[in-house]
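Order as written gives the chain letters A, B, C, D and E; numbering starts at 1 within each chain.
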Amino acid sequence: MIQGRVIGKIWSSRRVDSLPAGALLEVETEGGAKLIAFDPLGCNTGEAVLVTQGSVAAGYFKGKTAPVDALIIGSIDEENVSKA
Amino acid sequence: MIQGRVIGKIWSSRRVDSLPAGALLEVETEGGAKLIAFDPLGCNTGEAVLVTQGSVAAGYFKGKTAPVDALIIGSIDEENVSKA
Amino acid sequence: MIQGRVIGKIWSSRRVDSLPAGALLEVETEGGAKLIAFDPLGCNTGEAVLVTQGSVAAGYFKGKTAPVDALIIGSIDEENVSKA
Amino acid sequence: MIQGRVIGKIWSSRRVDSLPAGALLEVETEGGAKLIAFDPLGCNTGEAVLVTQGSVAAGYFKGKTAPVDALIIGSIDEENVSKA
Amino acid sequence: MIQGRVIGKIWSSRRVDSLPAGALLEVETEGGAKLIAFDPLGCNTGEAVLVTQGSVAAGYFKGKTAPVDALIIGSIDEENVSKA
């Protein structure tokens, strides 16, 4: 997985039907790369998140074949990170 | 997923039979990388798009095994992006 | 998918049995990266090709589990590219 | 697979339910890239580890669909490495 | 697939049970990247090899779910390469 920080949100009105409804957040990784991840957790801009990629991201959507290759799977506890 | 912008279109007359008929667009990402994505939405050159990659892209083609590893799944609403 | 150009061919006499017989071409991408792709189309050195990667490349080989992660799925029509 | 060294640990209290309980370690690769891997082996900070990525990482979790795309599959014997 | 050259071997005594027994070789690609690949062919240090990556590498291990994302599928015939 990769760590990143939410830097924005995108909207897409014209989309394939199989894309599930939900937030599409722009995430910037530590190395500066940017990607768009589906967010089932309701994360906010500035939040540190854990993102999984590839077909395992689509596996989150049970009973459907979702064209989603990046999924936020956790919000990172930042107090613990700073103590480490 | 990644954000990109459509910069062109390619044609391939000599191709494997399992490649579905449809537009193959050249997309440039924010970082400057280029890739070719299958477009089921009829996007135009210059349009901002959302691209999914890997085996989940092929999952879009129901009932067949398509050799497609990049799929445009949405057109990005640019007014909202600029307001963010 | 990625666009590339065929720059050579490799031979491998000592190989795993599950690797299908066929041409293994060296392809250079626009960015300068090199990869080896299975070629079911009979492409020549210098030809512009469309390559798919990952598990969808292996899906081309029906009824067997081929350890192939890159497949040439089309020859790119170069006249059209130059007119674009 | 890639070789890396454990450089830290992250905690995520707010997470998707399908993420298995267990340690999430931060691993730095030889090239300097960082990733988060699930650790079923109880590795310590500073330990050299072998990490597998992609859908095969999720396959480790039998009978469930885990959104895990990076898994520590071994601790690297460092005495042997230095003798090589 | 990618071309590389075997530059070493790693040992991992403490490992997950599902990792098959066999050689784990360190391979350097033309671009200088390093990865660890499972070797079913008995390759030697210095040998030029063809490596497949991702879930198709795991597909080599029939009847088990192996956490292997990189597999040597061939030794490259170097005489032919130099004549090309």
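Operating definition for what follows: a residue touches a chain if its C-beta (ideal position, glycine included) is under 8 Å from a C-beta of that chain, and two chains touch if they have at least 3 such contacts.
Note that this is a predicted model, so its numbers are computed, not measured.
Shared contact partners of chain C and chain E do not exist in this assembly. The mean-CA centres of chain B and chain E are about 32 angstrom from one another, to the nearest whole unit. Chain A and chain D have CA centres that are 20 Å apart. Chain D has residues 54-55, 57 in contact with two or more other chains. Each chain touches its neighbours in a single ring, whose members, counted from chain B through chain C onward, are B, C, E, D, A. Those residues of chain E that touch chain C in the shared complex are 1-3, 30-31, 40-41, 50, 52-57, 59-60, 62, 71, 73-77, 80-81, 84.
Partner chain C is touched in their complex by these residues of chain B: 8-16, 18-19, 24, 26, 33-37, 54-55, 57-58, 65-70.
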